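Chain lettering (A, B, C, D, E, F, G and H) follows the sequence in which the chains are written, and residue indices restart at 1 in each chain.
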Amino acid sequence: MNDKEFLENIKNGKMTIDEGLAYLKDFNFKDIDIAKLDFQRKNRRGFPETIFCQGKEDFALVEIFKAFAERNDSVIGTRATKDQYELVKREIPQAKYDPTGRIISLEYESLPQIGNIAICTGGTADLFVAEEAALTAEFFGSKVSRFYDVGVSGLHRMLNKIDEIKKANVIIAIAGMEGALATVLAGLVDKPIIAVPTSVGYGASFNGISALLTMLSTCAEGISVVNIDNGYGAAYAACQINKLIEEK
Amino acid sequence: MNDKEFLENIKNGKMTIDEGLAYLKDFNFKDIDIAKLDFQRKNRRGFPETIFCQGKEDFALVEIFKAFAERNDSVIGTRATKDQYELVKREIPQAKYDPTGRIISLEYESLPQIGNIAICTGGTADLFVAEEAALTAEFFGSKVSRFYDVGVSGLHRMLNKIDEIKKANVIIAIAGMEGALATVLAGLVDKPIIAVPTSVGYGASFNGISALLTMLSTCAEGISVVNIDNGYGAAYAACQINKLIEEK
Amino acid sequence: MNDKEFLENIKNGKMTIDEGLAYLKDFNFKDIDIAKLDFQRKNRRGFPETIFCQGKEDFALVEIFKAFAERNDSVIGTRATKDQYELVKREIPQAKYDPTGRIISLEYESLPQIGNIAICTGGTADLFVAEEAALTAEFFGSKVSRFYDVGVSGLHRMLNKIDEIKKANVIIAIAGMEGALATVLAGLVDKPIIAVPTSVGYGASFNGISALLTMLSTCAEGISVVNIDNGYGAAYAACQINKLIEEK
Amino acid sequence: MNDKEFLENIKNGKMTIDEGLAYLKDFNFKDIDIAKLDFQRKNRRGFPETIFCQGKEDFALVEIFKAFAERNDSVIGTRATKDQYELVKREIPQAKYDPTGRIISLEYESLPQIGNIAICTGGTADLFVAEEAALTAEFFGSKVSRFYDVGVSGLHRMLNKIDEIKKANVIIAIAGMEGALATVLAGLVDKPIIAVPTSVGYGASFNGISALLTMLSTCAEGISVVNIDNGYGAAYAACQINKLIEEK
Amino acid sequence: MNDKEFLENIKNGKMTIDEGLAYLKDFNFKDIDIAKLDFQRKNRRGFPETIFCQGKEDFALVEIFKAFAERNDSVIGTRATKDQYELVKREIPQAKYDPTGRIISLEYESLPQIGNIAICTGGTADLFVAEEAALTAEFFGSKVSRFYDVGVSGLHRMLNKIDEIKKANVIIAIAGMEGALATVLAGLVDKPIIAVPTSVGYGASFNGISALLTMLSTCAEGISVVNIDNGYGAAYAACQINKLIEEK
Amino acid sequence: MNDKEFLENIKNGKMTIDEGLAYLKDFNFKDIDIAKLDFQRKNRRGFPETIFCQGKEDFALVEIFKAFAERNDSVIGTRATKDQYELVKREIPQAKYDPTGRIISLEYESLPQIGNIAICTGGTADLFVAEEAALTAEFFGSKVSRFYDVGVSGLHRMLNKIDEIKKANVIIAIAGMEGALATVLAGLVDKPIIAVPTSVGYGASFNGISALLTMLSTCAEGISVVNIDNGYGAAYAACQINKLIEEK
Amino acid sequence: MNDKEFLENIKNGKMTIDEGLAYLKDFNFKDIDIAKLDFQRKNRRGFPETIFCQGKEDFALVEIFKAFAERNDSVIGTRATKDQYELVKREIPQAKYDPTGRIISLEYESLPQIGNIAICTGGTADLFVAEEAALTAEFFGSKVSRFYDVGVSGLHRMLNKIDEIKKANVIIAIAGMEGALATVLAGLVDKPIIAVPTSVGYGASFNGISALLTMLSTCAEGISVVNIDNGYGAAYAACQINKLIEEK
Amino acid sequence: MNDKEFLENIKNGKMTIDEGLAYLKDFNFKDIDIAKLDFQRKNRRGFPETIFCQGKEDFALVEIFKAFAERNDSVIGTRATKDQYELVKREIPQAKYDPTGRIISLEYESLPQIGNIAICTGGTADLFVAEEAALTAEFFGSKVSRFYDVGVSGLHRMLNKIDEIKKANVIIAIAGMEGALATVLAGLVDKPIIAVPTSVGYGASFNGISALLTMLSTCAEGISVVNIDNGYGAAYAACQINKLIEEK
């Protein structure tokens, strides 16, 4: 069924308004050959589509941002270099860039920030991933509390903050090297933890594999894990949970 | 500070009742030499301690179960063999065993089951992991909906059930081999997904590594992952989320 | 038997013309010390030799292209950098270059394009591999249909195109990250699928290993796999099948 | 849309017969709780569903076979142990078993065998995988030619058979250890090759990883690869190609 | 130089007594063909040789134990099965066996136990490795304090014992799964820690690799690591340090 | 309990001086948002905190060094690039840099150097790691003896130095490639050895994995291992042991 | 060309006797369907074919041995179990078996043993691999000197034997765990060394990977490596070298 | 024993001239702190020491070359960059450099070239490794025959050269990607083969791991393997064998 047939079906009543809405919710996207843009994503999944910038050809990246800008749709692009941002900005002046979180953002109206997501890191070098998570969560409408450099080799730093951390609906635990942060946190709180291994470290850290295995093998319950350095994905999952709790 | 000093402090008012409760919440456990049993866990973390049976020496396993039985504390033991169950049952006749989920349970009073957790599997061989998850979630007081064998190689099976799956507060997606179930589900729903890779498969499945990497590398948002075959851990994380949503 | 003996055998009738043709089909090549060029390949294998440019020393690469140019033999060079192309072009002005597919081509006469090969990608970043496949297939005389960015996290994009995809004789499915594209496609069509994992992704994608394992471990039948990023190899295998079907 | 609505739509003409057939082709399956059986698979994909026996619980396996037997639908079960066969046979006396190919078969009517698939192995120990492939291909209606123990360490054995091998529409090349069989074959023929690495070997063969990497990394064109020991999958892919060529 | 010449050299003064002692310290061993027994090891390295029982042929194992028994030299054999012990006991009735530590011991005179080595484990299933370490350390003359099941998922159990642990000269930290025990301990004490990863766990624990990488990648200083499950090696290294401190 | 309450407790006697000292020893740190600086570390762990420079953002790194400089606290920063040093030096002129050991140092008063740590390397290319270890050990107050390029492929070089090496309290053995240095040394001495695998080598050395596995798998006792290239960590562990022996 | 044509060519002089011999040398084998037996191997490669017993089906194994026995051709079968030997012996009473080397041998006439191959092992547990090598070398006509348990953790044992080892034409160095034997030997001798990693060890030995990487990464020259536990292959290569030296 | 004592022992006859020579052969080297240069290597091992240039600090590399130049000792440096060569040349004008083989050479007198080593490569991109091997072998006094680009995907190229290859005393087989060259060669010749995997390829070639595993797992006898890209090591081992055969 093509678009024309769809509209005729609605017009002559073969399809009710409700059936039509369901159709649009699941099947609509914009085809620009090199990409199929999914503007109904927010309707279907609760949050809008995000642009994964890494590895995209320049002309393709700019085309995709322009398609959102033309509709005045807010969107963020993750893992973006400064050079990619310059290209986008040339076409879309209102685009913004955060170099720590490596995020290009087009924000036509800000969402109110609800609930509470705690973002904890093991060390200072995890900052890049932490800010990717924090900016994403704020863009998607969650309030964020930051607790950086509370790693387990100096336990008193974490214990000093634990009462504040416990107040969150959901916790994001970010750590590289041996990645034990999530395990120790999980033993102290009663909230779900999304663990993010980072590629911080060297040698047997194997670019994040060590922290990843730690988090998967943990003996503490209540931890689930996302990809290495995937601050964005952790924020998305945390926002889903935060929103479900707040909106109930 | 030892236990005696603790009580004297309470008695002579150096410590208030509230301070005393906080102390007990964080520091109390029973020391039986080979193990330190954590009876305050439910108070601190929301759910009681669970016994990981695999690899424990027989005498140790029985001692641990007896310590719970003496207090009439409900508890489950995961990854238990039938032989381990026989040993426990000889000492504690009310112990029960589920051979598919491989769980020994002591249940003195059942919790009411609230909310809704959907458990989906890619194939029939994932049954062992799925039932570990389902029985755990029910023990911890969550209602469970089962959707087994809805894998992506026959998409219509999943699409046929998708409206029911969407009704859950949180979804557990269990799959071996290439493990694409979670990704496809995530594209269709707006609920958090806990993905469980299973060791089902052979050759390049590498005992679950293939499915694990698939779930971590997914391009679909809203998925977090637990260890290979870890139905228990997925259920725990799902119960935390389910409970937070329901009890808000 | 050396070349001189070979010709004497033909002349004095010890070897028939048919035996002579068979000899040439299997044993002839041009020896330029650093390489042995296989001009009879098309005769023996159905398609001409291709030049793998990556890692070749500059002088060697130019020598090899010149040997083809001197015979007016069409040829392509894969995984070529722009710098390599400039070197070749200086000696052979009619050489062409496609920067997305990274292919240098010498084309003295174009083959007619027969049959139908569908090339599908999971995302926009797979474009480089997809165009390597598409250009190779067209050079080898197959018609190509492109379906880019139809990945499984937005299933409706694929379902929207599935009827067109089904019309092909053979399908090339290209995807990075979790690489589930081939599995979902295979469940919907009755044509052979050549799957190409790509190095798109980060962290647990491990430069394409995640997608590779997914494709090898798939529970869906009718999928065979080539090396990571090997668009060329997928196109070659697809052209063999496409040609056998069309020329039957 | 549930089944009742579907039939009402057909009856009152809201859905045409053609639309109804398309619906059935994509969406029908039998739900027996632990499994969703896909009887329309042959209609949709060209070949009927196969039962992957490994790791299935006994009662589940028997239930699944019985569902096929009740409809007089032919089916095979792969990677089956002799014990599994005994269980099935007790309920379904006409079930047969091949211990080398490890296949349980229910065959109510045999398909005519068309075309030609050549199955080559590197050594005698690859026999188990080769017979899984051969029996599968014959069940799916393809003629099979067997060339066993023609590995590359004794090249004359392969060269002696090469003219017969070339007559096939498609070649399955099965080898363990270093797995070079497919590469050498590909240099001599102009037909597509499906390569199957086997777990034959020890030490650095790593249960088939060595042969798998060899086949994926090959410098010879026209090879695509399936999972380690996956004779079934290679046969399926080969049958698709063989049938498309013959039925054109 | 053979033994006879050696003694003649000493007798006629060509070699001084000191030169003779140095010779014996470095070069003497008993050659029984299948093994070269190193009775001067204690002289040279501070502790006697130990027998690694795993994988030795039965007749070889018994011969080696007998060679020690004939000299009334105390010795232990590690990673010994109960069957190996029975064989040894038949020839050497005073041999003893500990099934948890899997150690066969011949002890003609016990060493006094000096200093203090703390052995901590993350869980109850690490008991096998912990007792291998404890029995080895006691055999080599060190006093041992045991702290079992003080893992980081229930931090209060470790904090409750930390003052006792700090009293040791050196600490052995034994843990499987995510293996974070050593890191957290190291942040709290000022003594060297020998970390032992164990193969306890499943899935992404990869038989101890997860814990091994954690311990190697740790951000906490003062930790060095031995092989997976190597309780013996950890005890040896700890005894060297303990003895150097005590004997200074 | 916040800082103000803490001081009031001390003032009004609710907390004794001793309790106050314990509190400060375990819980005090300086919170500068992106980092929590642990100035009490020396008190608690015996040695001051060290700054891991790799991967830190420029502004963060400078802030951290400045916090130490303001207190006139000596500190070193490891794995520092020359560029990082220039940034630090601009703010803190007395900062020094060693390009071989890649260490930035702020040293307000030098510690006396006690005891003896022998640092041995297998080859000349291990120099970078060796000097990181040597400079760290000297900063922490240990005397260091250097034995470079005494690898096992020319055994006489090691045997020539062995008597001097034996005089140390503890030995650091640094080697890449096959990493056998520690094993051979261990067979000749009666002192603890801290082994450091280095990333020197190529191919099957896998950036230090080969040397790491060698050192973990060693059949010689008395060796414990730190991370690949972790000269700093080896020096820290060696200093703990050296100090305990000397200060007993 | 088939066999009949071959003979006619010889008879009518189209092919000379010398051409006929060359033909037979390269192309002759016995085809028994499941295997192609290569009786001309000794003529072409210098040593007769060997039977790799592991993984062969029983009937196939017996058929292959019988084919050799019928021609009175000596042959050995490697990696044979005792059960396989019993099956062979029932049909061929003169077959012999060595349980340490796991070799079945049919020996109709013994070759004279020439030259000298030194076989060294690191420990007693390497005995199985060492005897596979020793028996193979003796069967192929080389003299063997055994030096067992001369590993590097007790260097004096190796130094004591080094003058005898140096007398060999070629040295086989067999070791598990860290596998440093070959490196240390290579530094002391001027003969080629064939290194064999063994699967002896546990944990980070990874079934021989540790020793394999050590031997490949060695900084000592003159070492080449065969597969893990491949005593047979090492002996074959050593016999080639030994024979070339002796027969020059 | 120091040098002075050594000379006194010789002078006063405590040590005979023969004992003195043996002492010098095993124990002499030049200590320049950062390196211990082994000028007696040729005496002890048959070939002089070689300088591994990769990863050495500039000042260290120049010092080492100067030490050889001062003695007029010929030497080569492998894996050298052009920059390293420029540094060396500034101090030692007679130094030469080959950019393909990446070798710096100081050659004061050339050795006569004896025997015959065949160097075969699978493709043109293996040239770098092949020339490292060829130049090394020629420097060490062996005659070299080059056979480049004779890989197995075009078998006729190898068969065309096989009679010349067979004339060598020993064969070096160099190949990347699937690395099957050595296996096919081994089936055709009766000479020892040293196989060198190269890092040529991409994706599942894993920088040479695929070729390495192929060569280790080979079913063809007479192959031993060196490290990935280790042309130098293969040449060294081949020269040992070539020299032993020629000098017998």
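What we mean here is this: contacts are C-beta pairs under 8 Å (C-beta built on N, C-alpha and C of every residue); 3 or more make two chains touch, one makes a residue touch a chain.
Because the structure is a prediction, the values reported are computed rather than measured.
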- Please determine the option from B-D, F-G or D-G whose contacts repeat those of B-C, over half of the contact pairs being identical by residue number. F-G
- Task: Between F-H and G-H, name the chain pair that shares the greater number of C-beta pairs in contact.
- Result: G-H
- Task: Would you kindly say which chain has the C-alpha centre located farthest from the C-alpha centre of chain H?
- Result: B
- Please report how many Å separate the Cα centroid of chain E from that of chain F, as a whole number. 26
- Between chain A and chain E, what is the separation of their C-alpha centroids in Å? 49
- Whole-Å gap separating chain B and chain F, where each centre is the average of the chain's CA atoms: 41
- Residue numbers of chain D (touch at least two other chains): 26, 52, 123, 154, 187-188, 203-205, 212, 216-217, 219, 221, 227-228
- Item | Pairs of chains satisfying the touch condition | A-B, A-C, A-E, A-F, B-C, B-D, B-E, C-D, C-H, D-G, D-H, E-F, E-G, F-G, F-H, G-H
- Note on the structure: Listed in rising order, chain B residues that touch chain C in their complex are 122-123, 151-155, 177-180, 183-184, 186-188, 201, 203-206, 209-221
- Note on the structure: Contacts from chain E onto chain F in the complex sit at residues 26, 44-47, 50, 52, 169, 187-192, 194, 212, 216-217, 219, 221-228, 232-234, 236-237, 240-241, 244-246, 248
- Item | chain E partner contacts - residues on chain B that touch it in the complex | 26-29, 33-36, 38, 41, 52, 54-57, 60, 64, 79, 197, 199, 208, 212, 227-230
- Query: For chain F, which residues are in contact with chain H within the complex?
  - Reply: 100, 123-125, 127, 146, 148-150, 154, 156-157, 159-160, 200, 202-205
